[in-house]
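In the two complexes below, subunit A is the common chain; its partner is subunit B in one and subunit C in the other.
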Partner chain A sequence: MPPSANMSNPGLQLSKKIIIGSLIILPVVLFLLSLTLGRYQLGPFGVVRVLLSPLFTDLANDIPEVAQRLILRVRLPRILAALLVGASYGATGTALQAIFKNPLVDSNILGVTTGAGFGAALALLWMGSQWQVQISAFVFGLVAVSLAFLGSRLYKTTPLLVLTLMGILVGSLFSSLTSLLKYVADPLDTLPSITFWLLGSLTSITWGRMLPLMIFTIGGLVFLWLIRWRLNILSLGDDEAKSLGVDPTTMKIVIIVCTTLMTAAAVSVSGVIGWVGLVIPHAGRLIVGPDHKHLLPVTIGLGASFLILVDDVARTLLPGEIPLGVLTGLIGVPILMVLLRRSRTGW
Partner chain B sequence: MVIVELAAKHISYSYTPGKTVLHDVSLTLKSGEILYLLGPNGGGKTTLLSCLAGLLQPKSGNVYLDDQPLGQYSAAERAQQIGFTPQIHVPAFGYTVKEMALMGRAPHLKWLATPSEKDNRIVEESLEQVGLSELKDRSYTEISGGERQLVLIARGLAQRCSILLMDEPTAHLDLSNQYRVLEIIQNLTRQGLSFIVSSHAPNDALAYADQVLLLNGGWVTDYGKPTVILNETSLSAVYGIQSEVIYEPNSNGKIPRAVVHRRPSAIDPGSLDDPNSTLNKVFEMSIETPQIIVVTGLSGAGKTTFCMELARVARNQGKAVRGIISPGIYKDGEKIGISIRDLETGDEKQLATLRGNNTSEISTPRWQFNDESLTWANRILGKIEPGDLVIIDELGPLEFLRGEGLVAGLSLIDSGQFRVACAVVRSSLLPKVLQRWPKSIVISGNLEKS
Partner chain C sequence: MKIVKSIILLFVILGVSLTACSTIITQQEVESTEDVQQPPFLTETRQDESPQTNLPKFTITAENQLQPALTMLFQSFYPDETPVFVEQGGDIIATSELEIAGEHPDVPAAFLPGGYLIPQSDSGAMFDFISFAVSEEGEKVLIDKGILPASVTLTDQAGKTVEINQPIERVISTYGPSTSFIYSVNAQNRLVAASYLGARDPFGAAMMEKIDPRFKDLIGDEYFSQELFSVEQSATLEPDLIITSARTSWLETATELGFPIVLYEAETPERLEEAMRITGQLFGPRAIAYADTWITYYNHIIETISKQTASIPEEDRPQVLFTGTEPLKVASGEMYQTSIIEFAGGISASSQMGGYWQEVNLEQIALWDPDVIIVPPYGGASVEAITESAEWQILDAVQEGQVYRMPKLVVPWDTPAPDSVLGIVWLAQLLNPETISLNCADEAEYFYNTFYNYEITEEEIATICKYE
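Let's turn to the complex of A and B:
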């Protein structure tokens, strides 16, 4: 091998490692900075002191009790939720694009988000508590995907294509059902709350509601991170995967179960937030290329950063809240347009 | 390198029950050998490769790897021995050449592992073996088709497999890239690697293969050394083309070097009256063996007229002429029906009418056939005595593709109970006809002229 080839490689690897490393650190930095943002002004050092105050009691004595509570009980869970939901969408979008061999797929390919939306609307219609809404959204997210999956089992040919089709069908079914619920909902009370939920928001997040989100998101991310290199092989198609000793059917089912649980947990907390699962993998590919060994960690970092930033805009730009789903669309679509223009190698 | 032998014993496969696409295929591949699978599209090559690769489970029979049934190996164990390269396709994502080749390490890695430094070294070495080190950071979607094929070979090398199954590796490649890929395959056999290659290039098989398996309609029509089994007859039978073998110089016509496709020559049949005409030569040849003339051409080319003229002249010469012709029935210049005439007695019946609304058992999209006339014609053809000239006008898709219609005509020509047979077929069926009667003489083109 010529020495030049030997020389160029480690350099390339190193710069790639720096990029990946910084993209993983980025959400942590944004996370801390975002804690300082809001109507009540508190500098970064103040924030760090408040964060550490549960451990070292004297640390934040000079900071008013109200401010401490604002940081620990309102901003911290909300920004943490933004981080987890963003990371979850980034990773699930990447994994699903790989196993569906299609860069136009996102976390909602099998109807999980639409199903969850219906579940939430149903609970809101019956004046359910926030917990009931969250659980109903989670359960119906899973129901939608299960229906799509069972439906696809009825056909013997090209399971992937049928599964995609079933996802679209089940999605349409649930969105019709949601429309029906909106139609019968009280236009002064329930209808606005359903509409607002469907637009996505992290306003009402509490530590208690965070728990399922944390468990499913972190568990799912660890699993996807562990199998990330095998996503490359699955993206080649079933025959090639099999010839490389990988069982594509089992792996895909496990991945679909994992991404469904993650997405349902995220949606049930945040409401419908589109575009993240579609845009982030494209952005990641542009930065580190399509190799999922690097792409997956990068899309976790990018997704988390993106949603923290969008949520910052949502809660600080105007006196009132801007729905997250609206913002991700307004920001995500132009970004995707630019990315598609810039991507040279197909995708 | 370990000697690994792959064998298939009587394997059959069907995608849907009752529709067998692979019938009783057996083969043995030894270390360092190249086996070529040749045959027409839809002949079963890819299905056979998929069975051998363990992607499909044969419905009967078994594939053996070192005398162990393939099913007894785990997916990873199998993939450590057998590699598979599909027909060139562009993946959804633009992986680099190296990332693509690195995937070959999958069967050697644990479930949750990612490739290590050692795997990277193996892949770099594999890429160097196929001459792609320079391109390793290029995107697989940006390189040429030939280079993509080499990447897949490098992936197989990184897989450390002993047998590489390749589905049409030279399809869509220009001549120099075909050569590049095939030479690399040839070189790798010296390391004990063996290959099964499906292909549409009999000449590559003559140049590179140790064994050839001819597959047609899911059946093995020939299996053995390329120089022995690749000849005019076998290729006509498999592909339905007329071909000509060119032999190695100084081999006295023993060692074939290439098979070339010959366009069915537009032979000018001439008149039977003319002693130097082709038709007369055919009759001379028929003293040795029965001859089959296939008359083909577009509708209106004068096929039936040619047959009637031939019958008339032959009869004048005192030859025994038998068979049937089917002139069209015209009304206001439009063909509205087909009749059928016994050449011996001159009896004529209506055979088909333009398709109306009522459908009979036997019909084509345009014509509706009279069952009674067909039975009558088949009876005539069935009891024809050996004669000098048998004319059958015409044999169509009904007979060749569906086994209906004038089936007695097919078996009559198969029987060879004549000196010269003259069959009219449409041009689109010529491959089928040549598969059935490879040695036939084709007369095509505008017959009105002659």
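Let's turn to the complex of A and C:
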């Protein structure tokens, strides 16, 4: 077992475990509660009966079929998607902040979100089906990160700094390309679709689109969970990592590949949702400190809870939808300001 | 131990929240579609006429294949009575052969696709029967008895084949032009929510409310539009059909609820006619008759103008520039506006451009040197933005005051909607006043009376059929 910062203090350890445990359970509770929320009124018992109806056939016979389909095929996948996307952003943000040793890093550091945005705009302009948009966004997210990565190989100086720079450059490149697409798009229908997509929304989630999200997110989360103690070592610096028997370069590449796949899968279904990957790791650090052994599970739980709540607001506050990216910005920025002011912990 | 604690905590939270929420017990508002088997006036009519014992109320002269349907309609309108069919000289003639023709054709009273009722006398009972036969109730009777099909299968404008149960009684239209199609086939009473074209400004909204008193309840721009579809709200409305544009971004989620969806994309005159035909098919025989009448009228207008301007050589036709919501955005050759200009006997200055509204600079416009500039009646576009701008004075058209705003009553006359037929007439009169015999005021009166069932007043006509 790797050394842990708080091993010597069993009392602290116990209270931390309770906090961590409740933060992992919180998204599950919010998930169940959110299922009863919506403009279509169907009381909590109705929702529970509909949820159990695939197991007990006669349970929901008196509930209109529309309501059953609404719960099982629209609300359920959507809230599950909010949970997964939030968890994914929370975890990738934490992991990337650790390996870049930089608290301003979020999931988009290597341009994956911007690349995905360009891919989606491209598909919305020339193809149009939701599937094509999702695949195109995913592929261009990976293309953007690959470009940043290949670009950084051209230089032999401090690789992380160059990689960060390349990420910013590739991000700018793709955001210019997206602007170009928006300029040529028809202002009456394609342009609003592109704008709406770039602001992020979980409106168009269906079970069919969930599979890639579930595979990459759950796979990625399990992987990050298993290697979470190595994040501590990597955040110490390359020399320390080497002396502790971890190959920092390989490890970093593996983590970048993992977070890129996770982010691309999330962005391709949800559109661009900013701030979660930046705010949640800071909030997590404030609660449990910088030890990734605890920090990673906490940011997963916090991220999932945060996005479920924000999505609840987005889909119920107004008759129409509020773009998620707008809400996470409006809620996330003040939170981050407060956190940064209060934060006395290291990163 | 901690896990057990956590689980207990979870259950406590769940339990508290469920009890709190349990007071909100669902009350599904199922709007009872009033099952009017017989219209209210029926009882009066029957009391008046029943003392006259065995005399038939009216006689019908009908082709043999139409008689079963008529008998069913008659017996459901007057239970316990049988219709009297005569070989010749009936009060009503029922025929399958009727040509919709003439300058201002009436919409035939169609009770079947290819089954029309023509009144021959002025008996009140007869007119009551005819209006029953062509109504939604009449349609339901014929569907129940298996004479009209219980579902229609059609290919929508995205090329998708859909099967839709009949009759359609609750429809959501999330696309402005398709809402105008529904109004024009007189099926607006089947709408439960709609997105409207041209009804966002106060004048358009007030006008739309005059046309349809239900407008305020129906307009649902905050729930439904091309970009936006509130799945939850649609579920509460329980529609049996959703109509929208082929270029909507939310189709998959709406499909999950299992409602049938019909997609429209009418950017050319041919597609517009097809859209009207599809709308007719969706809403039954009477709607088909409306669609056919509109198509006949549309083609009649186009042919009339085409004949009257045929002698004008290509190079003498006026060059028309159609600008968009901003003066420097112009209509491309692929847009419906170009077809309107060509039908009206003009030439679109910007027809070689592709795509949608295209941004150009003033030099390009000076090079085109249009004779007439048209601005649309939406999106804040105004004639003054051009005439009061110093740069635009370089154009002869601006110097001569040849800048006009396309009119609208509610739906802008330049959009691919039924109302665009008036845009063609209006523009034709402007471009070729000597050669065109058509008159915007006459056509607007016929159009709104016929296709919107709205008795348009002379003052209203005066506000739309004008050039400024």
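Everything that follows uses one rule, which is that the second predicted complex is superposed on the first by the 335 of 347 C-alpha atoms of A that agree within 3 Å, B and C clash if a C-alpha of one lies under 4 Å from a C-alpha of the other, contacts with A are read in each partner's own complex, and residues count from 1 in each chain.
By our rule, a residue touches a chain if its C-beta (ideal position, glycine included) is under 8 Å from a C-beta of that chain, and two chains touch if they have at least 3 such contacts.
From a predicted model like this one, the values you see are computed outputs, not experimental measurements.
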Practice task
State whether subunit B and subunit C clash or fit side by side on subunit A once the two structures are superposed.
Solution key: fit
Handout entry: First, second, both or neither for A:V313, with subunit B first and subunit C second
Key = neither
Fill in the blank from the handout: Here the angle between the directions from the C-alpha centre of subunit A to those of subunit B and subunit C, rounded in steps of 10 degrees, is 140
Problem - Touched subunit A residues, subunit B compared with subunit C - result: C
Practice task
Mind working out whether A:L165 is in touch with subunit B, subunit C, both or neither, as first, second, both or neither?
Solution key: neither
Exercise for the section: Give one of first, second, both or neither to describe whether A:D239 is in contact with subunit B, with subunit C, with both, or with none. Expected result: first
Practice task
Mind working out whether A:L70 is in touch with subunit B, subunit C, both or neither, as first, second, both or neither?
Solution key: second
Exercise for the section: In the overlay, answer first, second, both or neither for which of subunit B and subunit C A:P192 touches. Expected result: second
Practice task
Return first, second, both or neither, reflecting whether A:P44 touches subunit B, subunit C, both chains, or no partner chain.
Solution key: second
Practice task
Tell me which partner A:K293 touches in the superposition: subunit B (first), subunit C (second), both or neither.
Solution key: first
Exercise for the section: Using the touch definition from the top, say if A:R285 reaches subunit B (first), subunit C (second), both or neither. Expected result: first
Exercise for the section: Rounded to the nearest Å, state the minimum C-alpha distance from subunit B to subunit C in the superposed three-chain model. Expected result: 18
Fill in the blank from the handout: The intersection of the subunit A residues contacting subunit B with those contacting subunit C is none
Handout entry: In the complex, subunit C residues that touch subunit A
Key = 2-3, 5-7, 9-10, 13-14, 17-18, 21-22, 24-28, 222-223, 226-233, 235-236, 238, 245, 247, 249-253, 256-258, 325, 355-357
Fill in the blank from the handout: Within the complex, subunit C is touched by subunit A residues 17-18, 21-22, 24-25, 28-29, 32-33, 36, 38-46, 64-67, 69-70, 73-74, 124, 128, 130, 184, 186-190, 192-193, 196-197, 203-206, 208-209, 315, 318-321
Fill in the blank from the handout: Note: in the complex, subunit B contacts subunit A through residues 50, 53-55, 74-80, 82-84, 86, 90-96, 99, 103-104, 106-107, 111-115, 124, 128, 133-134, 137, 139, 141-142, 159
Problem - Interfacial residue positions of subunit A with respect to subunit B in the complex - result: 1, 5, 12, 97-98, 101-103, 226-230, 232-233, 235-237, 239-240, 242-247, 285, 289-291, 293, 345-347
